[in-house]
Amino acid sequence: MAMSTLLVSLVATSVVMYFISKASWKIGAILNFLIGIFLISYVFALSTGTTSELGTLFGQKLQLIWTNASYYFSLVSLLVIVSVMLFAIKWLDSQKYPAAFNMFLLMMTAGSLGVFMAADLITLYIFWEIAVLSSMLIVPMGKKESRKAAVVYAVMSASGTYMYLYGAFLAFQRYGTLNISEIAKHMVSDPSTGIKATIFLLLASAGIAKSGIFPLHTWLRIAHGNAPDAFSAVLSGQLVKLGSYVLMVSVAALPSLKIFSNIPFYSGIPATNYFLIALGATSIIIGTLMAIKQDDMKMLIAFSSVANGGYILIGIGTMDPIGFEGGVLHVFNHALAAAVIFMAFASVVYRTHTKKISELGGLIHKMPITFLAYLFAIISLAGIPPMSGFISKWMIYQALVRKGMFITAFIAFFGSIGSFLYVFRPLAGVFLGQLPKKYKDVKEVSPIMWLPMVILVTISLIIGIWPFPILKPIEGMRMDFGIAPTMKIADSSHWLIKGFAGNWNPVLVFNLFLIGFVIAYILYTLFPRPKKVDLLAPHKKEGAPINIYTGGEFIYNPDLYQYNTKFYAGFERMYEKHPSWEKLLEMLAKFFYDLGEWVHGWFFRPSPSAYTFWVTLTILIVFWVRW
Amino acid sequence: MSALIWIAGGMMVVAAVFAVEAKRILDSVIAMSALSLISVFLFIAMRAPDVAITEAAVGAGLVTAVLLVTLFRMKGGGDE
Amino acid sequence: MISLLIAIPLLLAFISIIWRSLSKPLFFLASFTNIVILITSWFPNGVEIHAMGNWKPPFGINLVFDNASFYAALVVNAFFLLTSLLPGLVGNYGIPLMLLMAAANGFVLTGDLFNSFVFMEIITITAVTIASKKENFYNAFKYLILGGIAGSIYLLATIFAYASTGSLNMAHVSMAGISSSSLVAITTLYAIGLGVEAKLFPLNGWVSGVYGGNDLAPVILGTSVSFAALYMVGRLFGTVFHGNGAEVLYTLALITIVIGEVAALRQRNLLKTFAYSSVAQAGVVVAMLSKGTGTAMGLAYFHLTNDAVAKFVIFLVAGFLVYNYKNLNGVFKKHKVLGASFSIASFSLVGFPLFAGFQSKLRIIMEAFSMKDYLFPSVMLLATLIEVGYVVRWNVKLWFEEETQEKAETPVIASTLALILALVLITVFIKPDIFLGGAMKMGNALADTKDYIQGVLSVVKGGM
Amino acid sequence: MVYGISIILIGIGIYGLMTQKNLFKHIVSLSIIDTAVNIFIVATGYVSNGKAPIYTRALPGFSPNSFVDPLPQALVLTAIVIGVGTLALGASLLVRVKEKHSSINVENMKGVGE
Amino acid sequence: MRRLYAILVAAGLIYMLFVFLGTLPLYGKVDLSNRVSAHFLAKDVNSVDVKKWVEGDKQVPSREKIYGRKGFEDESANVVTSIVVNYRSFDTLGEVTVLFASAVGIGLVLGGMKRMGYGRKPNFILRVSTGILLPLIIMFGIYIFVHGHLTPGGGFPGGTVIAAAVLLLYLSNEEFVANMKTSKSLEGSMGSLYVIFGLAGLATGGAFLFNFLPNGVVGSLFSAGVVPLVYMTIGLKVGSELSGVVAEIHEEREG
């Protein structure tokens, strides 16, 4: 099947899927999953360089091309989406709009694949909008706040998208083509730096908005935090990666090093790229600091997505061979980790109906598999070996150190440390600690729900040990984009990843960790178990004073005294009065509303007199100008 | 003739200002009607008998009548 | 033959004043006949004229039937036909609608400046009548006053044109050498006179009140009449005055776009929101028209057609909702078909892919870029951004908010119509030529002054 | 001269529309503008020493510029009637406005605005 | 303050129009030979070579036109009438439609049921003189529109005069209610008749509103082909229409 046929039929199928799901959402969900499996096999079978044509739009051919980048990004996306599709087969019974969810999920898949396949800017835009539109319609299916979230998401995304569109047409107007590779050629030979930089930044802004890079990051918290729980996994794990893809296109597919070779800024990195790197670094700081503060576990991970988006951008932005590979690999790692984390949260919410960390606790015994999946995912997210998350971060650090970008490197390290803090908070608050009494009957979720998490975690672990299968397309991509094409980084025959300050042997490291783990487990079994004390006295009725005393007083609200309320209070106090970018954007939105009020007050008055006045005044102004 | 037109014009302007600024709506309508009637003179001066007769019948006559009747229906309208 | 487009609705309107109860079927009959007449004379691909009373132009009044007026008449009558299928909406207003149809056809077809003024006044008066439905008297009155002023200014412009050329015939006026100063006077006055019907800022104060006041007015005024008015903008400033005064229109249009969207954003009333959005879209169209080339004008009318179809659906649905529910939260859960049509239409308005608006919006931006105009696309994209805000907000509110207990019966015909039009919007995305072909022909016909003059003044053809 | 009168009248009418709070005055002002525009139109067709455009026994023949321009007069006939239509509709709307909002003074009307 | 702004803006408008006035020919100094109306006056539109005319070769009509003879293409002595009802008859159809639309609109807006009373007894003189004047007024109205093509006046003033008679009836009699059914029927059928005249022209002469009747002699009552018929139609229509408007504004909604 040609790629164009596939995409068109996927969009069409999604509409059919609505009616199937209307009859039985379960069949719809299963069909969705099967289609997802088919798509993965399809992606594996496709050979790079395949092209396909979608049709023509105002005289421009809409072309699709299958490259290493398409392969890599599609694979990552499909892994996440298919897991969520599997997850949804059971999870959807807690949802209000299962049929529409199925439809839009499939449509979004088609849109995302189209983005990765697009060979020209307009095709990319079309599928981009399809993905945005369909995901935007899933977001408000959540709780009350999700309605507002959808609007914020749509507007933020649109602001980036329309800048992109402007850039695309600017490029078209200047170079007469929309094809990405041809634009790249033209841009290299174009002498005008100003226009090139404008086009570059405009194109990148779609990616900035989508992958939640500062200053357009605020929608992540609202949208990821309030979207339907399982869909947050797709949002954070997959949709955000569309942004990374566009960033990669604008930085690497349009060879920024060559295009902007006349404006080097710092150790060979052009000013434009450095600007993006600075944005990425800012995102890391903001994402990390804000994530630490969150009590809502989904918002917490949403902010961590902001920070990780920053890592990806920094990695790609350096255009250093190892940094680039690190950044692209981080796409994979973060996608899997975020997807697992959100699915784990979805499972918790599915059972407990709350996403407040301070209301939860001790679920480790009730939901052990979810806990384990979560644990491994956060290890990967925090970048601790032996999970794959470490490798990408290590590669990014290597590049930063080599380029001598110490401030950025410092920020990246800071982000890593911060990530330990914030991923530990839900771990401690949700899974460890005391189990509130009301959750004493909570059960592990069904296998259909934990299976996708386990699969993803396993993949992540395997890649952490043996990253070469995934590094292969990344290396191919690097060759395609012509970033140090002679250099070889992944050396699978020696089990090595070659860095500048040393090589990394993932298998060896894993074995070391395995040994360490075994020793730790032996020590654990040798020492006596701690004794468990129930937080609520078992013989008391709920709500009655409890026989926990402090300072001679009864404690009426044990939740407040639970240690995961205000988990990092001391640390948070350090930046309590931080300036809020979110507020600034809200002010911007409010500005438009106020402008509306103002316009309404001035020009759309209830009395006809005012109209007459404006009509006459306009005539006079026109007269004055023209006469 | 020219002087007559000037006088008529002056009267029309006065009538128009009065029609616009009059306190009572009734006065205003009557001033408007007067304005229409004077315009009939202008039309005749400009050799437009057809227009004059139409303006006299329609503009000055019927419009005034319609406005007066509606004014009556509104029981004085917004004489505030 | 084309004079029948005006004669038939008029005749039927006169007849139905005698038998009032017949007005609804006669309205349907009139619009249906008109569409049949138009279809039998598909795209003339030349300029045909119909000299009224066999008085040849520039002496007598003539109707001009070329690709431009054909396409405009087709769109205008199509929306009347659609409206006539909705007896519940038409109510007692069959006669004003028939008159409006005759006037809109006349406005589109006429080749005479004063004649167009007469038809514009009929449009104003019938539109005011329609606007006063559901006791929306005050807004109708405002519209009447504003329309009256605009009419006077339009008339003054016409007289200036007559005094400086000695003719009222558009073709003759366009070829007569008008001195540049009187051209400025004429185009300034016309820009303002037409600005009211074309919803240009700041002459559009009536729009929200009239469109937001009842269910019938926006459906017909926001589609047919708006198309006719914007057609006249293209005809006058494109064909007759060769783009003189275009910069005024361009500036006003850009302001209109921003103001319209901003005002729409703050609106809490569904109908009024989209009334303002229709203002903004008119701004987009006028900005494109002011460019004066055939392609630009064709794209403008392509966009306008898409917008009109989308607005028809939106206003139809919104009118139903606003007058049947007190609380609109989640109403689409009860009316899924209406909801789907509304969403499709509103997304088409924004220009999301898969829907018709995408085709026109992108083409317009592209055309503007190719004319080295960087300001207009950025204004348009900014406007679209705001549009995304309120369109998504309304869609989310109407689909996902907690619903209330209120209930109303789903109108079957309206749902079907809305759904069909929504599907049309999707089809246009796939095959834009459905609208684009005609619109481009229209644009080219409007830009081709020479052909127009040639057709009107040298070939005198009465003919059926 | 006649032009001047009509232009000033238009100005007064516009002034009335802008300042008056009573909606009835708006109709009156609109009517003033209508009349003024009509005078303006007829004035554009005036020829000094021209005769009224009617063939009579006393004035048997045609020669250039012996008549005033009849076309503006014909237009004005139409314009007058159109003006009547507008005003009558406006007046009847006002009747209902008064019933609904209990006043026709912009400042005292109830339930208007937004 | 508001007034000041208003005065300023209105003064600006006046100034603008005065400036625009400079683009017009001076008052009274119009050269008709540049205008289409020269040929309306000479009534030789059909003999003009349009191609030359529009290109600036104004063919000044010089033919002697004699009152009371044949040879005109339009026979109404009143040139304004010949323009209104013949050369630009389509405008007039529009004009009739405006009035009709307005009447329909008023009917829909007011939608009254019961007659409004003036709350006082009409005085004796009014009542008696109405009885005497009424036929005279109506006669006068009819005269005006029947002679529209010969003398000043025509369908519109004639119809208005008839409506004035109806108004008089309303004023003089508290109980009087016009028969709306008749007036509507007259209005509708007369309007239709006008369109049918137009369609007849289309059928016989190939153009809408074509003058399909033979012309007579300028100055006689039965001349100018379809013009007097159309003016009568218009007169009756306007008369019934405006009577309807007068009746409608006298109607109140019950309750």
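Some observations on this one:
In this document, chain identifiers A, B, C, D and E correspond to the written order of the chains, with residue numbering beginning at 1 in each.
One rule holds in what follows: a contact is a pair of C-beta atoms (placed from the backbone, for glycine too) under 8 Å apart; a residue touches a chain by one contact, two chains touch by 3 or more.
Owing to the predicted nature of the structure, the values given are computational and were not obtained by experimental measurement.
In summary, the chains found to touch both chain A and chain E are C, D. Where touching is counted per the definition, the chains common to chain D and chain E are A, B, C. Greatest Cα centroid separation from chain D: this falls to A.
Among the chains in view, C has its Cα centre nearest the centre of the complete protein Cα set. In terms of the distance between Cα centroids, chain B is separated most widely from A. The interface with the greater count of contacting C-beta pairs, when C-D is set against B-D, is B-D.
Chain centres here are Cα means. That of chain A falls 44 Å from that of chain C.
Work out the mean CA point of chain C and of chain E, and you get 30 Å between them. One simple way to say how far apart two chains are is to compare their mean CA positions; for chain B and chain E this gives 20 Å. If each chain is reduced to the centroid of its CA atoms, chain B and chain C end up 37 Å from each other. Along chain C, residues 114, 118, 121, 125, 128-129, 132, 137-138, 140-141, 145, 149, 156, 162-163, 168, 189 each make contact with two or more other chains. Residue positions 606, 608, 612-613, 616-617, 619, 623, 627 of chain A each touch two or more of the other chains.
Residue positions 1-2, 4, 8, 10, 12, 14-15, 17-20, 23, 26, 43-46, 52-54, 67, 71, 73-75, 77-78, 80-82, 84-86, 88-89, 91-96, 112 of chain D each touch two or more of the other chains. Chain pairs that touch, as defined above: A-C, A-D, A-E, B-D, B-E, C-D, C-E, D-E. Residues 2, 5-6, 8-9, 12-13, 16-17, 19-21, 25, 28-29, 32, 35-36, 39, 42-43, 46-51, 54-55, 58-59, 62-63, 66-67, 70-71, 73-74, 77-78, 80 of chain B touch chain D in their complex.
Residues 11, 57-58, 122, 125-127, 129-130, 133, 136-137, 140-141, 146-147, 150-151, 154-155, 158-159, 162-163, 165-166, 169-170, 172-173, 589, 592-593, 595-597, 599-600, 603-606, 608, 610-612, 614-615, 617-619, 622-623, 625-627 of chain A touch chain C in their complex.
Residues 138, 141-142, 145-146, 149-150, 153, 184, 188-189, 191-192, 195-196, 201-203, 205-206, 208, 245, 248, 252, 259, 262-267, 347, 352-354, 358-359, 362-363, 365-366, 369-370, 372, 374, 377-378, 381-382, 384-386, 388-389, 392-393, 395-397, 399-401 of chain C are the ones touching chain A in the complex. Chain E meets chain C in the complex at residues 17, 20, 22-25, 30, 34-37, 39-40, 45-46, 48, 50-51, 53-54, 86-91, 93-95, 97-98, 100-102, 104-105, 108-109, 184-185, 187-192, 194-196, 198-199, 201-202, 205-211. Residue ranges on chain A touching chain D, taken from their complex, read 606-609, 612-613, 616.
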